[in-house]
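All chains are identified by letter, namely A, B and C, in their written order; residue positions are counted from 1 within each chain.
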Amino acid sequence: MTVTEQRQAEIVPRQPASAGREGWIRRAPLLPALIFTIIVTQLPFLFTIYYSLQSWNLVRPGSAQFVGLDNYVKVFTDSQFRGVALNTVVLTAGAVLISMVLGLAFALLLDRRFRGRGFVRTLLITPFLITPVAAALLWKTVLFDPTYGLINFVLSPFGAGQTDWISAFPLTSVMVALVWQWTPFMMLLTLAGLQSQPHDVLEAARVDGAGSFAIFREVTLPHLRRFIELGIVLGAIYLVNTFDAIYMMTQGGPGTASANLPFYIYQRAFLGFDIGQSAAMGVVVVIATILVSTFALRLIFRSFQTEEG
Amino acid sequence: MAAPTTERPASAGDTRELAPARRGNRAGPALLTVLTWIVGIGFFFPILWMVLTAFKKEADAYTSPPSLFFTPTLEQFETVFSSGIGPYLLNSLFATVMSTVFVLLLAVPAAYAVSLRPVKKTQDVLFFFISTKMLPVVAAIVPIYVVVNDIGMLDNIWTLVVLYTAMNLPIAVWMMRSFFQEVPKELLEAASMDGASLWRSMREVVLPVVSPGIAATSLICVIFAWNEFFFAVNLTAATAATVPVFLVGFITSEGLYFAKLCAAATMCALPVVVAGWIAQNKLVQGLSFGAVK
Amino acid sequence: MADVVFDQASRVYTAGAKPAVNRLDLEIAEGEFVVLVGPSGSGKSTALRMLAGLEEIDDGEIRIGGRNMVGVPSRDRDIAMVFQNYALYPNKTVGDNMAFPLKMRGVDKATQQEKVKAAADILGLTDYLDRKPKALSGGQRQRVAMGRAIVREPQVFLMDEPLSNLDAKMRVSTRTEIAAMQRRLGVTTVYVTHDQVEAMTMGDRVALLADGRLQQFDTPADLYDKPANAFVAGFIGSPAMNLFTLPVSAEGVRMGSSELRLPREVHSRIGGHERVTLGIRPEQWSVADGASGGGDGVSSGVKAQVDVVEELGSDAYLYAHLDDDAQTAVVVRTAGRSGARRGDQNVLTPTSDELHLFDADSGDRL
């Protein structure tokens, strides 16, 4: 048999996999989760937008009337709101970054073989497992308490154990509790990154004459980049919504010194009963979050692709 | 052989075992190990203290300076129990288990669709899922409250089940997707050639291979569901309240009795901590797979 | 057992792109062992997967036992496949792996056991039936994959580079085992490999593909002796055939500054072409010592200088370059241990009358 003859007609794919019935069969398993999520998370948000356009206060029945963008104006002129927004940024950014740095440090310590390694790892991940309210309670009473707390006890030999930490440094105290809880999460992520480094690249670097620090800087850190980014994004998502710690430790006080946006909105809605106003704040926060996170997520997905590409 | 040997003849009585040569600075690694242990214990210490305090008499807990030596007692735990933590534990258990089951039922097929049989736009759908997690829950709490109230589901444990499912679904889909991506395509092709329908190949081949992933995802869901406070405190009252709510209520009623509080906090946190310890490897696997992909 | 026909079968991924498989025509008889061979990207794996039902047939037909397989899913085709990475079910034992296809077809337990045992006996797996894949070596896993395929007694066996993950020695022994087994069972088999040695030793007939197109479909001997084009000539045979594109002269071809005379019938095949591609296999040279300055001009040999000598025991291969043109490489086979050394000057003369000539542009055989 010899070479086949060439015909002129072009060959066209029979049916693209994504079109028609086949495409929908493939999509079907996704639908229940998708529909459920849309109903439970998106619909309420639409309502929130609706409420935000009304001046509705539960304390004054029948006060619900359309006021357009009035609430939004009040939001932006509310000096407390601005302060609280700033708190949120400081709290979130601070907690994320510090816990990432600590997490990375712990991961580096754990990335070796030594006796009791599994046990130490167990110790280190436990704070992440503790119920946030319990953890906040723990910090508030057992550690930070001015008279009976451990921290003041430890500091007293140095003559500094008199501060009422929570009153004096409310936001910082909350941040400490958050960092304590989230460092294990960051640690596990970065540890996964450290342990997934290709051994042969590390060996090649050693042979090429790089010292430990240089290897860390040139080989390890670039490899860790996407783990770190993932940790920052996931951590930020959860931390921006912090509520439990503030509720338990400071109730947002003094005043709103340690309130973040979720707590402030909660106060307005459930304690102040001002539905319209709190709804408007909610919408503003959502829009801000969308803007920031779209940017951040594109960064993440792009870095995933470049790693593989 | 022409070349002269210069070796020492092996002595007949040489019975020493070979051992790896000791090289380098032995102090360095040992120091690092010590440091790591110190860090580990130090970081864990607050929890240790909390558990110890739970076993103290109130008088021992409320001392300055804090007392290290004491006679342990179970009376604080008794008090916690007699304040009726029972129903709260059951509620938490129910909400956690049911929501995790639902999450798996929804997330596994969804992740399967997104990873093993992707269609155009699956990336966008994934994106969408993650974005639902980012919207601050507070923004939706008011309408949720209103709706839940209107349909008479306030203070009903099923409300929490639904909300926890929605809360954990995005992370579950994300994690399961990365586990599904680990399944070699050839395995499915082989099953298909062997005559298995889609359903059967899922059941017999794919699910067993991703079962560690399912375990890891479940654990994460359990952790977040059990520890959830915001929805619980706002949407439940006497009947459906969960353990974190109990804890807060306990504080207000008991005031600042450290030992009792520590006992309550310990009981509150214990189930998830134990679960996390036992399934630790799965937890690590789950988190790291989420990252690796 | 059935015959397999590819009838203008084609596969293209996006409209307008180059087809991965371009109008493939193959007729494989019942019980025949056919090897699809070619370099990467030649479309051989794609063609196999089209036959398996794992790739869409975009144009043309593929018929098994006369039945058109377009639109028929894999599990209804009554074929079995051995994958390159074996694709064993990791959570099942060897026995369960092999029983799986029977289980899917609703065969009762007793018959399952019987057939699994029979297959295990043939493949020497009886002692491993209770192990899981991860407790097996590569060679054992490969046999389990084969076991899973033969248990079904399908109409066609498909094998996708099953030996490529084995070490060299295992490859040779397994190769003969597979060929022997196929002869014993007599099932139509389509086997894909990139290794032409496997193709030549195992196949009843071999189909060489390149760029999605069939180059030649013939017995191994015919592929070796009568390559249909320059590509086939260069692909089959190791070391590869020497191919020179040369201007035509009155009685032969010009190689460098000398004219290489060609036998009359060979020369007549050239016809009116001005340039031609000449193919000479390494074993078709005779080597004479060229240290003495021979006369140049018309002769029947060319001068070459040896660069590398590969001693293989019974044979040796000389890699040389032409004196006239250092860029042109020549490979010559000689007897082993002949004392050939780097730098030797030799005169090489083609020995046989069976020289290969190809059109310098199209590559087709003249």
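Methods note: a residue touches a chain if its C-beta (ideal position, glycine included) is under 8 Å from a C-beta of that chain, and two chains touch if they have at least 3 such contacts.
Keep in mind that this is a model prediction, so the values were computed, not measured.
Chain contacts here are complete: no pair of chains fails to touch.
No other two chains have as many C-beta pairs in contact as A-B. Between chain B and chain C, the centres computed from C-alpha atoms are 54 Å apart. Centroids built from CA atoms put chain C at 56 Å from chain A. A separation of 16 Å divides the Cα centre of chain A from that of chain B. Chain A meets chain C in the complex at residues 1-4, 6-7, 10-15. Chain contact summary for the complex, chain B toward chain C: residues 184, 186-187, 189-197, 200, 204-205, 208-209.
Against chain A, the residues of chain C that register as touching in their complex are 10-16, 19, 22-25, 56-59, 213-218, 228-229, 364. On the side of chain A, the complex with chain B involves touching residues 17-18, 23, 26-30, 32-34, 36-37, 40-45, 47-48, 51, 106, 109-110, 112, 114-116, 119-135, 137-139, 141-143, 147-148, 150, 153, 156, 180, 183, 185, 188-189, 191-193, 195-196, 226-227, 230-231, 237, 240-241, 243-244, 247-248, 261-262, 265-266, 269-270, 275, 278-279, 282-283, 285-286, 289-290, 293, 297, 301, 304. Listing the residues of chain C that touch chain B in their complex gives 52-54, 73-75, 79-81, 83-85, 87-91, 100-101, 104-105, 148, 152.
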